[in-house]
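Here chain A shows up in two complexes: once beside chain B, once beside chain C.
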Partner chain A sequence: MQPLPPLAWSAPTTIDEVVAALAEGVPGEVRLHAGGTDLVPNLKRGVTSARRLIGLGRVAELQELVDGPADALGVGAAVTLDDLGRDPRVVARWPAVAEAARQVASPQLRRMATLGGNLCLDTRCRFYDQSAFWRGALGGCLKADGDACHVVPTGRKCVAACCADTPAPLIAAGAELELASVRGPRRVHVADFFAGDGARNHTLAPDELLVRVWLPAPAPGTRAGYQRLRRRGAIDFPLLTVAATVVVERDVVRAVTVVVGALGAVPRRLRGLDALAVGRPLDAAVRAAIAAAATRQCHPLDNLGDAAWRQAVVAPLVRRTLEALEPATAPDAASLR
Partner chain B sequence: MKVSLEVNGAARAVDVDPWRRLLDVLREDLRLTGTKEGCGEGECGACTVLLDGAPVNACLVAAGQCHGRKVTTVEGLAGHADGGAVLHEVQAALLACGGAQCGICTPGIAVCASWIVDAEPIGADAGARARVRELLAGNICRCTGYQLIVDAVVEAAQARRAGEGEP
Partner chain C sequence: MTIGDRTPNPRAYDAVTGRTRFADDLTFPGMLHARLVRSPHAHARVVAIDAAAALALPGVHAVITAADLPTPFGVIPWTQDEHALAAKARFVGDPVACVAAVDEQTAIRAAALVDVTWEVLPHVLEPAAALAPEAPRVNELAKHGNVTKSVQLAFGDLDAALAGSDAVVAASYDFAGSTHAALEPHCAIGQWDPAGGLTVVSTTQVPHYLHRELARVLELAEDRVRVIQPPLGGGFGGKSEPFGHELCVGKLAMMTGRPVKLRLTREEVFYTHRGRHPMHLDVRLGATRDGRLTGCDLRVLIDGGAYASFGLVTTYYAGQLVTAPLRLSAFRLDTTRAYTNKPPCGPKRGHGSVQPRFAFEVTVDRLAEALDLDPIELRRRNCLEAGERTINEFLVRSTGFRDCLDRVERASDWKRKHRQLPFGRGVGVAGSFYISGTNYPIYPNEMPQSAVQLKVDRSGKVTVFSGACEMGQGVEAMLTAIVCEELGVAPGAVRVVTGDTDLTPVDLGGYSSRTTMMAGNACLRAARDLAARVAEVAGADWRTRPPVEAFRVAEARLGALGAVGSYDTPKDVHGAYRGGTIGASPAYSFTAHVAEVTVDVETGQVRVDRLWVAHDCGRALRPQIVEGQIEGSAYMGLGEALFEEQAFHPSGLHRGPSLLDYGLPTTLDTPDIVAMIVEGGDPEGPYGAKEAGEGPLHPSIPAIANAIHDAVGIRLDALPFSPARVLAALTPRPTGRS
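Our next item is the complex of A and B:
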């Protein structure tokens, strides 16, 4: 492990100051620093570079959860994953989001790592998450210091995977992101935030700050779940993530969303599920049909290793998620907390 | 940058690069060498300290993030009574149960375990061991297999409940 490079660090206290500092900074030299749990190891490995860091820990608005219009909940981007996973409103109404937050890494890291950092997590690949010396021996890759992909040797686009836990359940919940810059605010669905290039898999502009994640109130009858695959029971990044949101009315499925993550750069929302599930009870046959669709649509690459294992586990993980859905309680019931 | 922080109950001030690791501030500037460096990237938990009461990896915390905050290291776990040091329940239990081997992970485990005993409800039920294992998941020990460490934390939690008059 290399020592950290020298870095300038500042700690502004308002969103306006942060976006002004971003606008003044040279792209690629200035980075935001919240929990630091992804950024610091990446700086040490030399896979990320920065000259100047803007600490977000003193911007109060970024640390808060705020109630929004129409029973939405706004989660500040610097809310820790531990606080997110324990918040009674999140646990009651967005149980899959809370579960995903509780699955990340270790108790220590969850008390440092933030929701915004999880969404902006650097993509991962076994040819990239290595020391500069190791990567140099291969001549680099499409993501860093090279022009070849070692996962897909003929590929021209980086296939490093989005290995964060929260994107899949946030997409399944229909969450939106509130972004700020000196050019003004912007809102984008989490699903549209990501871009299909592992070298840079999100569309946050260099001068933009992720301010809040807006969780819309779940429709009556909503149930949600989250499961992930990993090598050890803790610490490890996921090798697959599955999030599902199902709306059930009078024992019949009205809507279904299943998102599978940690495949490539973008979490994959499964297509064609309405024809398999809507209008039917969510019974074993429907769950099996959705799981089979997942196997057809998801093809893990060797970016994280164990591609065959991950492929074999797609269907069981989707089935397990659909078997273990939890009710997303309506707001009036949640307010009894 | 001048950083004022409270370390083990005492006000301390250091003038350091804001990007200096809390781990180095503790070990080198404040000479509190109980906190150990293992992996240096947040995976092993050897450098666990409490920041405002919550366990964090001191190798990933910048000094600039600590201004005005409270840090507890392994040196701050023991209390004082009758003119002598009194071990924290988890330290006494780690000793009694033999929950240590080479010792590099032990300070981090003691700090994390003190947080578990102080802040997390660990009952006397069958799920207690599994819960302790979950909460200690960020502390890696390459010697022991964790059995005696988990024994110690469960015992410390029991000692705490007994001390508070609970059955």
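Our next item is the complex of A and C:
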């Protein structure tokens, strides 16, 4: 078995200890280790480096799901994707989030991998996710050890893609993140957590810990869905993700959110959908109009290969997501009906 | 347990429960770890190597370069065109130096400190460009420019045959390269004993050929070299020739006096490669109105990569192995293997013949369409019969191909599906044949291809010593079944010793589907010889009593009990022309596939719903293992059909040398595979047995291609049938059924 490079390891048991350790560490040398499904192989292949790992497996608070005010649900950052995808509360009220968790990688990996790790997943690009030897042979890239982009040769900004499954449905669900550091806690919407630079696509400060994801209770009449594109039936990172939340009241659309991911660094929330859908039934024509809008607004790059094919599949994937929405049952939905 | 029992392979339990000890599990006192320094350039001369910084790193014991291993090597004696460490790198990943250090991390760090000064040379990645006169010369040890081998052969009057045809289909195909992706990466451990000599433990399918090359390159007498092959985590042809890293651990062990281990990373396995050759194929095939095939014209341009490997044989196989199971009245082949600056290609399951089989079987499907004939019926009208010779003069002593067609036709409900399923769904058929071992060894000699020794003693235990290569395919189970059948002992009383050139007689190795035919026959002969001698002294009715009683009588009367058996191939089954021995085999297996597919016309994604496979292996000595080989072959073909490709960046870099990027089919991508065994018996095989390990792969790719055509009316003539390619072919959508 290929060995890991030499690493110092600590395993704190409280959030305070974790953020203290982060604050002491040299940025770039310290990495958090939860499931390790992405970090460990990347360390072995020299995709990324670290000198010190802080293990999160013993921080009980990070492993819990907690009920919050106004029927919100707080999911600890170290809850595994397998647990998330099976939790009855999540399955009933945030079905797109549960579905996304169930689509990640493979059963073995989902039992290790965590929600926090999925949100903080390093961006991916076929010129970046290679060994140190491979990248060196190509002279590096904007994301690591180089000054050229091999996807957009004239580009000055890294276009590596956010290839995680959970961000799009979390954005569509209006989820918020609870972050901690020695400077104190803060909250941020998932949509605002991401930044449009593939070299570093999120705004987590080097001394910050993602503690919890807050899922707000869905409005009555909410329906949600998630679909993703990949070459194989399992294991592969997504080549496109589509998450939709639609609130339907008396058979007409009151609100609609569609988020498309695995294009660039930030999951893209489609614009102008209200004009197409709100006040109308979610029929074939409306679904087709939203799918056409998605095609106009989404432009996959060669960061993950097969750009033309992925472009062609945007519309059917959006349409299919809208065709297969599931009810997100708010706790008091029955009484409202 | 006897022949035909449905007993599981006993070694399978060890493998799936983690008990098997692979080469990388082995460790020895004082063992060093080695790491190769590889070229980041597709083509570059090594101007200088400065190893001072690496050697200065604490824990580093040695650094070797091309100068330390100057003798060229290669599995085929006529094309020995590579060095363990290159003085000129010919592909990205070509090793140029090797370091040995106290542990693997130190070796990795030291390898990064080896300072190589390069003179970068122009490179060539495509075979057509490599054959142009101005192309850079890839391999100076090649005899003719960038050509490994070129074969032109003609049988019958092709022009007349095509002129007399009612329909002639001409088509061109591009077969993408693919790699073996055995779960276990290559690993070798060298040990030097000044008194005893060199021992190399290695993940090799060919201990004997490795033995010879270690002795030659390291300048040791052959009797001072021992090769041990531990259980393999798969081979599929990717471990069937001597490799530079095996020579390096031998050299480093001799230099340092310490055991030295070198295990490739997954990325390095992609560079080491020796997998399926990319080929461009042009086919013309004719038939009469009543569905009788006439002539076939086959031109193949083969992308060899930087070294010859088995390429000389590949160049013959690419043409020679399409001449059955269907009879041709004329045949012309023109095949050329070119060197390019890419990882060397070699033998992968179905060596050299999977690519032309794809082209041929899709062309037959086109011909059936042109003639408005059912493609199974067209094949049925052209089946070679047992005892017949192919147009290129190979003697086919047994064929169950007609049965194979009947079985898949019935099982798949073909007649109600073909050209009748709704748009988006379809079925396709294809057939093939394959060799049960090569008739001639890789280096010319008159000695047997396989030998077995049996030892029996008063405990009742029978020990089988065989040089055959166990790599999970069931050599041990096969030999055990033969011994049990012949000597009446229980399977638990049989020990099989393989994979050690000090302990076992020579067998040429685990390649070309030769082991059941050759080691099986050798074992059968040894067992029958032993049984005859036991019967002489213990009485003809000795089998009616526990065998140990007879063994005791025999040991008392005859002394130590043992027997040897060996097998060599018949010399009257090949063609009487130059090259007519390559592709000749003692016996041929036959296979037919029907694939059923669903095509998502919006995304281009193809799902294979079911595969029906009927395989004529003569006689299934261990039916469960035969079925496993059928399933594994069909799976591997499916992967090549839909997912896999050795793709390269213009710089020569492999596009994704990892199992994540390369993308083998997962369980969810694998359909139900209905494996059907056809047993007609072959006069040469042990109990009638023929091969089962490679033949069943061949038709899976064309069967899927033909099914896609049946589903949506498109012909996919380039592999893999990726969704991007399928969607592009569907746009604009051709007029088909709706």
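FYI, the second predicted complex is superposed on the first by the 328 of 337 C-alpha atoms of A that agree within 3 Å, B and C clash if a C-alpha of one lies under 4 Å from a C-alpha of the other, contacts with A are read in each partner's own complex, and residues count from 1 in each chain.
What we mean here is this: a residue touches a chain if its C-beta (ideal position, glycine included) is under 8 Å from a C-beta of that chain, and two chains touch if they have at least 3 such contacts.
Here the structure is a predicted model, which is why all the values come from computation and not from measurement.
When the shared chain is aligned, no partner comes close enough to touch A:Val66: not chain B, not chain C. In the overlay built on the shared chain, the residue A:Ala234 is in contact with chain B and with chain C. Within the superposed three-chain model, A:Ala285 lies out of touch with both chain B and chain C [touch as defined at top]. Using the contact criterion defined above for the overlaid structures, shared-chain residue A:Asp306 touches chain C, although it does not reach chain B.
By the touch criterion defined above, A:Leu109 lies against chain B but remains apart from chain C after alignment on the C-alpha atoms of chain A.
By the touch criterion defined above, A:Val182 reaches neither chain B nor chain C.
Residue contacts after overlaying the shared chain place A:Trp134 against chain C, while chain B stays out of touching range.
Of the residues of chain A, those at positions 1, 6, 106, 233-235 touch chain B in one of the two structures and chain C in the other. The residues of chain C lying in touch with chain A in their complex are 24, 38, 40-41, 92, 103-105, 265, 267, 602-604, 643, 649, 651, 653-658, 660-661, 663, 665-669, 722-724, 727-728, 731. For chain A in complex with chain C, the touching residues are 1-3, 5-6, 45, 106, 126, 129-131, 133-134, 136-138, 229, 231-237, 306, 308-309, 312-313, 316-317.
Chain A meets chain B in the complex at residues 1, 4, 6-9, 11, 33, 35-37, 40-41, 44, 53, 55, 57, 82, 105-109, 111-112, 233-235. Those residues of chain B that touch chain A in the complex are listed here as 1, 17-19, 21, 39-43, 45, 48, 51, 54-57, 59-62, 64-65, 67, 112, 134-140.
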